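So, here come the structures, one by one.
First chain A sits with chain B, and in the next complex the same chain sits with chain C.
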Partner chain A sequence: MENKGPTVASVITAGLWSENPVLRLLLGMCPTLAVTTAVKPALTMGLSVIFVLICSNIVVSLMRNLLKPHLRILMFTLAIATFVTIADLYLKAFLPEMSATLGPYIPLIIVNCIIICRAEACASKCGLFISIVDALAMGVGFTVVLCILGAIRELLATGMVFDIMIMPKAFVPWAAMRMPVGAFITLGLMLGLVNLVTGKKA
Partner chain B sequence: MDKIYILLMAFISIVIVNNLVFTKFLGICPYLGVSGRIDMAFGMGMAVTFVVTLAGTLTWLIDHLVLMRYSLEVTRYICYILVIADAVQLVEMYLRRFFPPLYESFGIFLPLITTNCAILGLCLFINLWGIDNFAEAVVLSFGAGIGFTLAICIMAGIRENLKIADVPEPLRGAPITLITAGILTLAFMGFAGMIK
Partner chain C sequence: MLKKVWLYIEQSWLLIVSSFIFGLLIAVTNTAWQPRIEQNKKDKLNNLMNVLIADAEFELAVPDVQVDLGRGKFAKSNVYKAIGPAGSCKGYCFGAEGAGFADKIELVIAVDAAFEKIEGYSVLSSNETPGFGDQIVNDFYRQQFIGAPLGKLNLEKTGDDKKIDDEIVAISGATVSSTAVVNIFNNYLEQMKAKITAEGISADGK
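Moving on to the complex of A and B:
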């Protein structure tokens, strides 16, 4: 790599595991908890975040040498808001049902800390290529966690995943998993599990 | 009398029944990050209340007087985030000039508020719920701040006690906070359906 910064491989592993935005850095908790009632909205949310993250990282990376330090956060936010508007309009036009389910959580991507964090920590320092890889890795890491969480909650709340019945007929759905309680407790236990696994390795 | 009743109901609903933290998952980041000590949590809550009231009112006005009149709704998100960032800056400068001790005590929280999703979230919810009464928008904005303060202070109180509790090693820190928050939402679910 001609870049002196992080290598491609290290960026990818950081995004997927060692600096996973949700599991390790605790960033972007609001959408994580809010949209994971089922896998489908979780996936849509994840893909929207990947789109916005890549676009904003590209823009920020390209203009990183022109930015005045004290104005940079404002510029990041404006770039992000533009791409979020695009994503939101796209969802409204082509997936109106999904757009209605996700409601204000799509525009809330603007203030999702993951995106500002990556713009600040990576894109404003690194070249274009690394920034794109970083956005992709972080975005995929975020989406995977979202989908796992969504799958657990959907399975326990309805017995279905992706609208396919998995549990036996005798299964009694846990309505609580659909509610905020389910989100908080599932994520809490997931974080505990991750701590347990990484603790043993170290 | 009717009007006051509606406003009162709106206030109670946003503080307790539709609490942004417990039912809409907004403002979770500071809720988990800052709620270590009650005094800090209260400071953060007050700062948020201040900014959210200002931002909610301003975005409502801009939305109804400018964006809707000239059908510029496409730029809504960009306008909202600009208004919020400006409101935070304004509050910061004002406090630094006129209330230095208060400014010192808010410290790092003030700039952080720009990316607090509770604020943008509330502006979006006011828009989504189709609130077209100015007084109601102001009351909702203020109530959202109070609701946030309430949530973050309860959490801080519990966490001060969690420090001396015997929590299993892997669950220490964020996981147990999330689980506690989950149980708290369960308690707040008892209010669901009371109003609206």
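Moving on to the complex of A and C:
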């Protein structure tokens, strides 16, 4: 029956583009808007989400045949909360400054819709390999969008990307880009651009 | 009765077993990394204190000093004594907190050994507005406190920010955050001085 499920290529394409969690499904908006003031926190958040997605998809896929329908969501949340706690502890132990920068947004991955969406839509129905590929594709799709958003905001807010000065000395930083308004405007423009490219009407 | 218990186990065994396994996983991870996390916190505090009072070793002078934050709120803070290379007291450092614009602001405040003037402050944590309130970490604002008399500080919207006295010039566009820092100083300084003196440590650091 496994061959009737999604193929590796379709899962990768879905995660990176056609069902990109941020640009197409508009999931995970809280970290997308909150931690993209620069590339480094955006990248850290993205990698944390990839770790949690892969681990939770593995666990959910392995136990999919044992799950009782009424305990399904509870089991997903239990698995997700465990791996988010591990990711949070890792950052506090090995990247304390980044942990302080990201603040509550790492623990908030527990309620990130992308994770529970993939557990429900893919891992609870598919085999281990497809579940891992799905987690990786969705996680990379999420991370790439966060990094692009972070790079645009960091560039316009400070003139730098990854602490490397890009803009000429005469450039006047746009303070608004570091604030929530900068996140909303940049994400809105990115969504508009994607809709334009795909020919999707509002 | 036995049938009900069996039904309960049949329905929930996976949840119970998973809870134990996940709980164990978190416990093992926490045990492995917690010493490092605690060390990171100590290092951060030590680094901040070393920025405020250079060339000093810090030892815990008075633990858990209770400070009245007003409106029925209290906070506890450790007071650290800065000991210079010659063994003399160079000053004191302590954590301080108060309400900011967006969230709680946590500072490390340093005062001289005689408790007569402020040596400075560093920001331990804050979530103030980027580009505005987060300028409380900048030298423009922080340097106004270095050498200021230990007493009630007043916040002014305009003035000479280079003049060291009890008047602090607010950050433009961040009056709430500026006020929050001044309020933290006003809340803590007198109370800390009184508590430390009450602990039997004289004002000259002996």
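Assume the second predicted complex is superposed on the first by the 196 of 202 C-alpha atoms of A that agree within 3 Å, B and C clash if a C-alpha of one lies under 4 Å from a C-alpha of the other, contacts with A are read in each partner's own complex, and residues count from 1 in each chain.
Keep in mind that, in the parts below, a contact is a pair of C-beta atoms (placed from the backbone, for glycine too) under 8 Å apart; a residue touches a chain by one contact, two chains touch by 3 or more.
This is a predicted model, so every value here is computed, not measured.
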{"item": "Partner chain(s) touched by A:N195 [first = chain B, second = chain C, both, neither]", "value": "first"}
{"item": "Partner chain in contact with A:T37 - chain B first, chain C second, else both or neither", "value": "second"}
{"item": "Touching partner for A:I185 - first (chain B), second (chain C), both, neither", "value": "first"}
{"item": "First, second, both or neither for A:A79, with chain B first and chain C second", "value": "second"}
{"item": "Contacts of A:L71 with chain B and chain C, given as first, second, both or neither", "value": "second"}
{"item": "A:G103 touches, of chain B and chain C: first, second, both or neither?", "value": "both"}
{"item": "Contacts of A:L62 with chain B and chain C, given as first, second, both or neither", "value": "neither"}
{"item": "If touched residues of chain A are counted for chain B and for chain C, the larger one", "value": "B"}
{"item": "Which of chain B and chain C A:L89 touches, first, second, both or neither", "value": "both"}
{"item": "Contact residues of chain A, present in both the chain B and the chain C interface", "value": "74, 78, 81-82, 85, 89, 103, 176, 179"}
{"item": "Of chain A, residues touching chain B in the complex", "value": "26-27, 29-31, 33-34, 73-74, 77-78, 81-82, 84-85, 88-89, 103-104, 107-108, 110-113, 116, 176, 179-185, 187-189, 191-193, 195-196, 199"}
{"item": "Chain B residues touching chain A - in the complex, by the definition given at the top", "value": "22-29, 32-33, 74-78, 81-82, 85, 114-117, 119-121, 124-125, 128, 168-179, 181-183, 185-186, 189"}
{"item": "Residues of chain C that touch chain A when the two form their complex", "value": "11-12, 14-15, 18-19, 22, 25-26, 29-30, 33, 36-37, 40-41, 44, 125, 127, 129-132"}
{"item": "Partner chain C, residues of chain A touching it in the complex", "value": "37, 63, 66-68, 71, 74-75, 78-79, 81-82, 85-86, 89-90, 92-94, 96, 100, 103, 157, 175-176, 178-179"}
